[in-house]
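As structure tokens, here come the structures.
Note that chain A is present in both complexes that follow, paired respectively with chain B and with chain C.
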Partner chain A sequence: MIQTIDISSYSVITDAIRSEARRILSDSTVSAVIGYTAGRRKGSTQPIVITTADEADKLLFSAACLNDLVVYLTKAKKDVPKSGRIGIVVKGCDLKAVIGLLGESQLKRENLYLIGIPCSGVLGSLLKPSAELTTKTIASKCCECTDRLPVGCDFVPAVTPAPLPDLEKRYANEISQLEAMTPSERWEFWKEQFSKCIKCYACRQVCPFCFCEQCLCDRNRPQMVEQTPRPSGNTAWHLVRAMHLAGRCAGCGECERVCPMDIPLNLLNRKMAKELKELFNSEAGFEVRDTGPLTSYREDDDQSFIR
Partner chain B sequence: MHSAKPRHDFEPKIIAFVCTWCTYAGADLAGTSRMQYPSNVRVLKFPCTGRIDPVFIIKAFQQGADGILVSGCHPGDCHYIAGNYHARRRFAAFRKLLEFIGVDLNRIQFSWVSAAEGGKWVEVVTDLTERVRAMGPMVEFKDLILEEQWSGGLNNPELQAVYEAM
Partner chain C sequence: MQKQITEANLRLLIDSLLLKGQRVVGPRQSGTMVLYEPLASASDLVTDELPRRSIKEAFFPVCEDLLEYRKEGQQIELKDIDPARFPETVLFGVRPCDAAAVPVLDAVFSWDYKDQFFLARRAKTTIIGLACTTADDACFCTAVGLSPNDPKGSDLLLTPLVGGGFLVESQSEKGLSFLEAWKDRFSEPDDTKPLPLAQPAATPFDLKKIKAWLDDHFEDPAWDSIATRCVGCGACAFVCPACHCFDIVDEGSEKAGKRRKFWDACGFSKFTNHASGHNPRDLQPKRYRNRIMHKFKYYDDKFGQTLCTGCGRCIRVCPVGIDIAGVLEEIEKK
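The block that comes next holds the complex of A and B.
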């Protein structure tokens, strides 16, 4: 049964973000605020960087605020002002990306002013941006989200999101379905998915953690990953991508959303997150850690698979 | 004189990624001790198991490997203090990824072989070779190489009709 999700708190959040942005910009706490503004189509939103208090009324928050704005803080995006402190609007999943980047020494906490959102969930896609948020249209990542209330932000609007109805755990179900298949059935599934890839690298561009200035997959001496959009290079690219994000991925699900060929990319990330939790009891959270599961070790790690 | 070697229909290609300080020396010991092991294994020497990137394994499969061996120093013996501990975690995760994608994990073997363990090297290589021989060639990645560009196939009736009209 499809149930509507109560997002009445979002208008209160919008007002709170606007007044807070106006305050921090006018007293020069920050030099810019990265947030969401209305997009061209009715109901849609797009990222915006504002630098004056007058522009604060452009900001908003709604169920169509899908973007993970943290990508604009990374080295890969050089057009956001780098001087002074930057304010940024973050949902719980985006905040985990900030925490991950802080742990990897890509950002400094004192250069950030975090405006956290008590989130009730966002839409799965912007195809129908003014659609009502229901148990059907909600993003898959939100169905498994356990971190709706951001922790450790500089400002959080004082609202309590309404309790959510029971949501189907889509990723967990799909992962267990795949795990129940035989290896050759799984191979067929992924072969079909990866052969759709057109190597547009949208997944890489939108990922807060893909900040390398020279991607391994762009190098051609030696060429580790074939660059043409053919099945073998596609498979290698997606395996490398999943591996490089293992233990780092914050679960914002942007890769999957921006994929023009609808490849279930976040499924790979969720699978790796699940495995790393089982193997090393490590998962993305709100606590800044200097090392991730694959950049640290214990002497008594499981080695039953090694002869 | 050596006894005559049995002939097989299929000789698997095994790529061994080994660390130079332990397993390479172990394999060297097996050689200088005149121990016999299958010639199917191609040894690639790395400074440390920590240098072995999962992408090398993917690349090896694409280039025609039927089995992969990754071998280095026992825990605590790493020349670079902790390279093998990091590798152990990385490959524990990478195995799970390959399994999820649908690669049979019996084709991949991880092992610790020290410089003194020539016998263990022979054992590991022989076991892996025989296991992969029984499994037959690794066709999945090779098939992908042979496949045309994703849009190149005449996989829908419209394209097929256009092609036939030409």
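The block that comes next holds the complex of A and C.
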């Protein structure tokens, strides 16, 4: 049965974000605030960077605030101001990307002013941005989220999200379906998925961890990965990316959400995350770590998989 | 010429074409998406959903081979791909916003250089358009001078009728000869009314006024506020029926390989990267500015047309909610 999810707290959160943004911009705590604003279509939103207190009323929070804004903090997004301290609106899932980037020395905590959202969930897609948030329309990542209340932020609106109805664990189901396949079935499954790729690189461009200034896959002298959108180059691209993200991915699921060809990219990332949890007891969280599971070596690391 | 066809006869017509070995492409369910793909039978045809990607790939595929090379010792063998081998194709159920983009593409692919790959496919293709009876809030064909039953680009245009079936109007010689070749399937039009057409909510833009602003505002702070959010992917360009940029690359080894043509996008940071390392469009707002300038100024300057048919696909897929109709609204108000 489809149930409506209570997001009445979002209007209180919107007011709180506005007044906090106004305050930190007026007293020059920050030079800019990255948040969400309304789009043209009913219910739609888009990211916005504001630099004056007068613009604070443009900010909002709603179930259509899907973007992981943390991508704008990386060195790959040169257009967004990086001078001084920057305010940014983060959901729990987005905060994990901040934590990951702090661990990778890409950000300095003192340069950030984190506005955390007590989150009741967001929509899975923006195709119908005015859709009501229900147990059906909610994003898959929200169904298994354990981080609704962000930790360690500079400001969190004082609201307690209403308890959520029971949600189907879609990722867990997808992963168990994947694991139930034989290796050849699994290969066929991914081959078919990757064959849909048109190499628009939306997955890379929204990813907070794809901050390389020279992506290996853009190189043509020498060419490292076939650039053309064909099965071989597509497969190489997605596997290279999955491996490069393993142990780093914070699980925001943006790659999968923005894929215009419906490739279940986060399934790949979630499966990698599950392996890393099982092998190294490592997972993305709210604690900054100097090294990731694949960039550290311990004598007692599990070696049973080396045959 | 006007004719009429029942739903059943339309399906029979498609199956007859397929039986004859004719390649028929139309909107069909492909996994979780509807895409323009070859139909295996008339029952594959989906008529109530705009395909995720546009019809441009019928003439300008995502990726295609241009030539093959092979090298053995001092011998180099080059093999051209022969456009004569492209099959005759009938495109069924093409949305007016997609069909209208085809003449726009014709202009650019047959301008100073005749692109034989595009033009060979174009010559061998008959386009059967289908008027829209539904629209969503991203549709804005009516705002850029088109309409849900615009005949531009179609050889035949089908308009759904009350109670089923379609009114069929020929728009070209190709359309007329198709009607002639399959005349048994069509009947004379009776007085059945067409279904009410879709009504996109967008109000018409003053494209002249927008162009006049663009003529004078290559440098303007508005580009930053519009496009700082742009993350620089190619999703908008790739789903667009009118965007037509491509790259060419040789892939393979020193011994053997292929030269390939594949979609490119002005949103990519490498798009204007010079061999020297200099990039004249060094920041994302400059790249997004190019997208708008190309569509509503440069293309108009050169070919007297707008490089946008209001299909709304870029609005639906943009990862960061950039809404081209919203951008035009903002420019129009300036």
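Following the convention adopted for this analysis, the second predicted complex is superposed on the first by the 303 of 307 C-alpha atoms of A that agree within 3 Å, B and C clash if a C-alpha of one lies under 4 Å from a C-alpha of the other, contacts with A are read in each partner's own complex, and residues count from 1 in each chain.
Note that in this section a contact is a pair of C-beta atoms (placed from the backbone, for glycine too) under 8 Å apart; a residue touches a chain by one contact, two chains touch by 3 or more.
Keep in mind it's a predicted model, so treat the numbers as computed, not measured.
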| message | What does the overlay on chain A give for chain B and chain C, a clash or a fit? | response | clash
| query | In the superposed arrangement, does A:R230 touch chain B (first), chain C (second), both or neither? | reply | both
| task | Mind working out whether A:F211 is in touch with chain B, chain C, both or neither, as first, second, both or neither? | result | neither
| message | Under the stated touch criterion, which partner chain does A:I306 make contact with: chain B (first), chain C (second), both, or neither? | response | first
| request: State whether A:A202 touches chain B only (first), chain C only (second), both chains, or neither. | output: second
| request: Please work out whether A:F286 is in contact with chain B alone, chain C alone, both, or neither, and reply first, second, both or neither. | output: neither
| task | Check the residue A:T45 against both partner chains and state whether it touches chain B (first), chain C (second), both, or neither. | result | second
| In the combined picture, which part of chain B sits where chain C already is, 9-17, 27-35, 117-125 or 153-161? | 153-161
| request: Starting from the residues of chain A touching chain B, keep only those that also touch chain C in the other complex, and list them. | output: 196, 198, 226, 228-230
| chain A-facing residues of chain C, complex | 31-33, 52-53, 62-63, 137-138, 224, 227-229, 231-235, 237-239, 247, 249, 251, 260, 262-263, 265, 268, 270, 282-285, 315-317, 319-323, 325-326, 329
| query | chain C touches which residues of chain A in the complex? | reply | 39-42, 44-49, 67, 71-72, 77-80, 126-127, 129-130, 192, 196, 198-202, 204-206, 218, 220, 223, 226-230, 233, 254, 257-258, 260-262
| message | With touch defined as at the start, can you tell me which chain A residues reach chain B in the complex? | response | 178-179, 183-191, 195-198, 216, 224-226, 228-232, 234-236, 239-240, 242-243, 246-247, 268, 271-272, 275-276, 279-280, 293-299, 301-303, 305-307
| note | Listed in rising order, chain B residues that touch chain A in their complex are 53-56, 58-59, 62, 75-76, 82, 85-86, 88-104, 109-112, 124, 140-141, 144-145, 147-150
